[in-house]
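Consider the two complexes below, in which chain A is the common component and chain B and chain C are the respective partners.
After this line comes the complex of A and B, so read on.
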């Protein structure tokens, strides 16, 4: 029942967000109906469109997990974007360390996870030792990470053969993930799904998951019964950073094949939005990631077809979040009002002493 | 009191529902001018809801309020205040970091502002309040605006002691019935008794004629409560209508003129003083005829059934016999700690010993250092200045298992969004999770099932979310978990605060039936509770041990006296040192 309500809320929010988009379309003199249909057609209607959407689902879902896991322990990780960039750096760095060898792929993955985790460890340590607000630190480190990538591709890592373009050397063919179905989609999409399912299972079914949730739900109780609260804060942030780093690996090895400044289409932020919309209901991560990825991948076609800027897709994302949250809080309010009304209806017959 | 007095406020068929429960149902009650009216009932009976409705914090779902015969709707606390209803909440609403004078003036300012903000139709009601002429303040409406200039105008300010220069210092007003509180003292340095008085005084500076006090004596010693009621009586004699919510039967029976008893949200009795006695009131409150309820002044002391008392007496005897060989568990020697919060005195040369098989009470006001002491014993990172903490029979403190029952399970102790089972297993976390390992799952089910049965937790479904439990059952979950865990030491803070009598009795019984190897430390603001539970009571004040009572010495009078004396000597030192400083500063 609760799931049905969540889905209904989601669909309703989607309708409202699209209504907002329609309004914008009307203002610029385009027909909203055809535009929206073609928008969905571009994202989900064809094999190519669907594959592009799923391709984007990989980093979005990973970044959503990167925000959702720390959220379980009450930590806000807005730094998925930066951790993804660090993951990308880690991938290329690991490759340049081991060169073209048999261990190449696993080293790349390891490098990405390690650097992503380390990037998240900075706010983790600051939070754990000094009580610094992790939301701000993760957010600010995004800018540092993006600048770091810019520095690397303009300087030490620039490909001499790139004619001055800011990009690193292309990956050797063996390091590139094999595309499937003749599209750009790679097997990583299935692996990510497995990773996500495993994490959800850990969260729901293990002692660690329960303890993590306890920390997030009531810190004072958690520390009272001896749960190492600070370590859970740190651990969940690092865990999130690792997953975002993995997203960086997939972007390099599966999509871009080299380090560039524009490796991310704001996946970190989209993932954060998805995690925030889920509010701890992990199963919602999957449909929402796909939906948001669809919006991202159809942004270009939106621009081409309707003349709206590609950023309109971001606006739709934002509206979606807004309406989902609005729906969630009004549902909560409505449930409370209904509960009060029920009580009033059950009111016993007045049979008192006077 | 012979003639029929005029009605000040009346509730007419007031119904208020919360999600899942009806807080009060068709409550009709009348409060008269010049009377102290007691609103009685168990915790959860709906008293606080009525207080909130009177104060304009909640509005009734059905029914209405009448002030002076006119129907009014109190949209928010400002309207209530403007119509003359002032509420003193249990937790208090003074601003700690301001001085008494500033707090009083703040009230004056708000009062004046409200008077301007009020919609026109409300002035009609105000005229309709129908105060007897003689208690109307000799104050024209224009003077209301200038109230903030004279915060203590009715307090007979004596200006001869006025401090120099400072705008705050308005001399030392003679406060209410002669209790002197300097207006330049910070509120946080006041005793609970003084706070109550300041709070009442603050209401009186505005146009309040109807005083509603929620548990005004909860943090006071018996002696101070007497004093407070004397003040209230003198206000009533001047024509104020006073509504007192209380669960302390003996004192309220003694001082109130009229009683309204509420049970499960309904009015079950209206009595006048002549017809009321504690026994009858207790029966009405509990809704049962209990032959064990003694008809005596000390009813509160034995409000829980006679079995509780006998257990206690048996325990005392047992404890007395076994004192020949006390088995020490923990020794604090000359312990002083660093001040960590402005609200809590640091410990200051505390010598303290805990033995197995005893129940030790700590008496002390909020901020007396009891919290610091408990945290120190519990092993939280309290910074020691000097002295040492010595655990007997173990190298390190975590060789012992120490349970902790915080005062408010909602805030700390339970996790509302986890299930009963998960909450119960929070101390035995090996049992958490492991959904796929059958052996673990089975032992977890067995463990949780046993606790639910042993401690009579309802609902019995272990998958129920803890947030859906009643206050009593929440406390039982906490009790079950901590009791099960605490083999050596159990620390309990206000273990029965906010519980109805039956649940409170249950919790006390469980504490009293402790195994011989354990020591229990109870910190409670309720002197009666300490008497009911403890073999030994240590009185703390300002971080120092100021008294220790054991065995037959543990009586409410003795504890009350020790507390009162301590606060008096504090008052003296406060005057000398300007207050607020740790006496440990040297």
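After this line comes the complex of A and C, so read on.
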């Protein structure tokens, strides 16, 4: 029942968000019906479109987990974008350390996870030791990370053969993830699904998951029963950073094949929005990630083909979260009202007995 | 000396949008509502200002339109949190994305179009100060306006009846309501006016600084402002040094070549964020006693 309600809420919010987009489209003199249909057609209507959508789902789902895990312990991680960039740097760094060898792929993954985790460890330590607001620090570090990638590809990591373009050397063929189904899609999609399922299982079934949620629900209770609250804050942030770092690896090894300044289409932010729409209901992450990735990839391609601003995906995502939250809060209010009514009815019954 | 003047002058110019944003957030938080949508309000304000400037050619109209655009987003945040009772942090984050998205969406046709700058006003008396006078004190009108707003806000918050009502709503809304303070109206007012200042901040970024609209031009200044509120201890007067030091970091980056600094501009552009993180940490280290309004502290837990 609860699942049905949240799906209904989600669909309702989607309709409202698309209505919002229609208003925005009308204001710039575009026909909303055909634009929205072509938006969905580009994302899900063809084999190519669907494969591009699934390709974007990899980073979005990982970044959604990167925000959803810390959110369980009450930590706000808006730093998926920066952690993804650091993961990308880590991938390229690790490759340059080991060179073309048998350990190459595992070192690259390790490098991405390490650097992504390290980037999230900064707000983690500041939160744990000094109580600095982690939402702000993770956000600031996004801007630092993007500048860091720009610095690296303009300077130390620039490919001498790139004729001055800001990009690193291309990966050796053995480091590139093999495409499947004759599209740009790579095996990462399936691996990510496995990673995500494992994490959901850990959250649902293990003691760690329960303790993490306890911390998020009530810090005082958690510390009273002896849960190391601060370590959970730190650990969940670092876990999130590692997953976003892994997204950076997939973008390098599966899509871009070298480090460039445009490795992310705002995946970190989209992942954050997806995570907040789910509000701890992990199974919702999967369909929502696909939906949001579809919006990103079709807005990206329609921008080139029909001049629709890529920001239309941002508008829909923002409005979607807004209406999901509105729906949740009105549902909560309705349940409160119902509970109060029931109590009052019972009281009336008792008083008629007397 | 000339270079020092130049950097100080551009520090004040670059710090002004941040100052306005800090002031807006101080007002909202003093009434008990955190507005994480500040960056979105700035983006929307900046885009609207650029549009109106291009369409009408009137700078005054453009500045007003920018403030109104920010205010509308603020009013939405206030309505969602105070009336519809959505969680404050979630609503703010949401409006950050909505504001940024709408600004990018509507602003797409005018990306990169050149805008006229704001004329600089020379204050004749202060201009006589040797060396620094001409460089620092030939700023545009919004710079002076921002300083005036800081002074007025301090006076309103700490010396008037309205200020007491605002602070009461921010410290304990339930008690304030029981004592007859119109908490809902106070909060609607503070968040809306605060966000209109953020809109004006965005307007100053495009008209006084970049002279063009680009998606992502706010570049985190709104978030920095939210961080600097903590450093300014929720006091409009302390907001001045905080904002100008941050502006100085941007100024160093812009004038690095003139000053003969040969560090990569990409590394220098990290500086403002790293310094803000360090300053926030230092603030938490040194002062255990925070000036944070109690209602804000509750919302963050």
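Here, the second predicted complex is superposed on the first by the 333 of 354 C-alpha atoms of A that agree within 3 Å, B and C clash if a C-alpha of one lies under 4 Å from a C-alpha of the other, contacts with A are read in each partner's own complex, and residues count from 1 in each chain.
One rule holds in what follows: a residue touches a chain if its C-beta (ideal position, glycine included) is under 8 Å from a C-beta of that chain, and two chains touch if they have at least 3 such contacts.
A quick note: this is a predicted structure, and the numbers were derived from the prediction, not measured.
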Touched partner set for A:336, first chain B, second chain C, both or neither: first
Touched partner set for A:106, first chain B, second chain C, both or neither: neither
Contacts of A:34 with chain B and chain C, given as first, second, both or neither: neither
Chain B versus chain C as contact partner of A:96, first or second or both or neither: neither
Residue contacts on chain A - larger count, chain B or chain C: C
Which of chain B and chain C A:143 touches, first, second, both or neither: second
Chain B versus chain C as contact partner of A:281, first or second or both or neither: neither
In the complex, chain A residues that touch chain B: 204-211, 213-214, 217-218, 220-222, 224-227, 335-336, 339-341, 343-344, 346-348, 350, 352-354
Residue ranges of chain A touching chain C (in the complex, touch as defined): 24, 27-28, 74, 76, 78, 122, 126, 130-133, 135-137, 139-144, 147-148, 150-151, 154-155, 219, 269, 272-273, 276, 309-319, 321-322, 325-326, 329-330, 333
Chain B residues within the chain A interface of the complex: 15, 17-22, 25-26, 28, 61-62, 266-270, 404, 406, 411-418, 422, 426-427, 429-430, 432-436
Chain C to chain A touching residues, read off their complex: 36, 80, 84-87, 89-91, 93-106, 108-109, 215, 219-220, 223-224, 226-227, 230, 264, 266-267, 269-270, 273-274, 276-277, 280-281, 284-285, 300-301
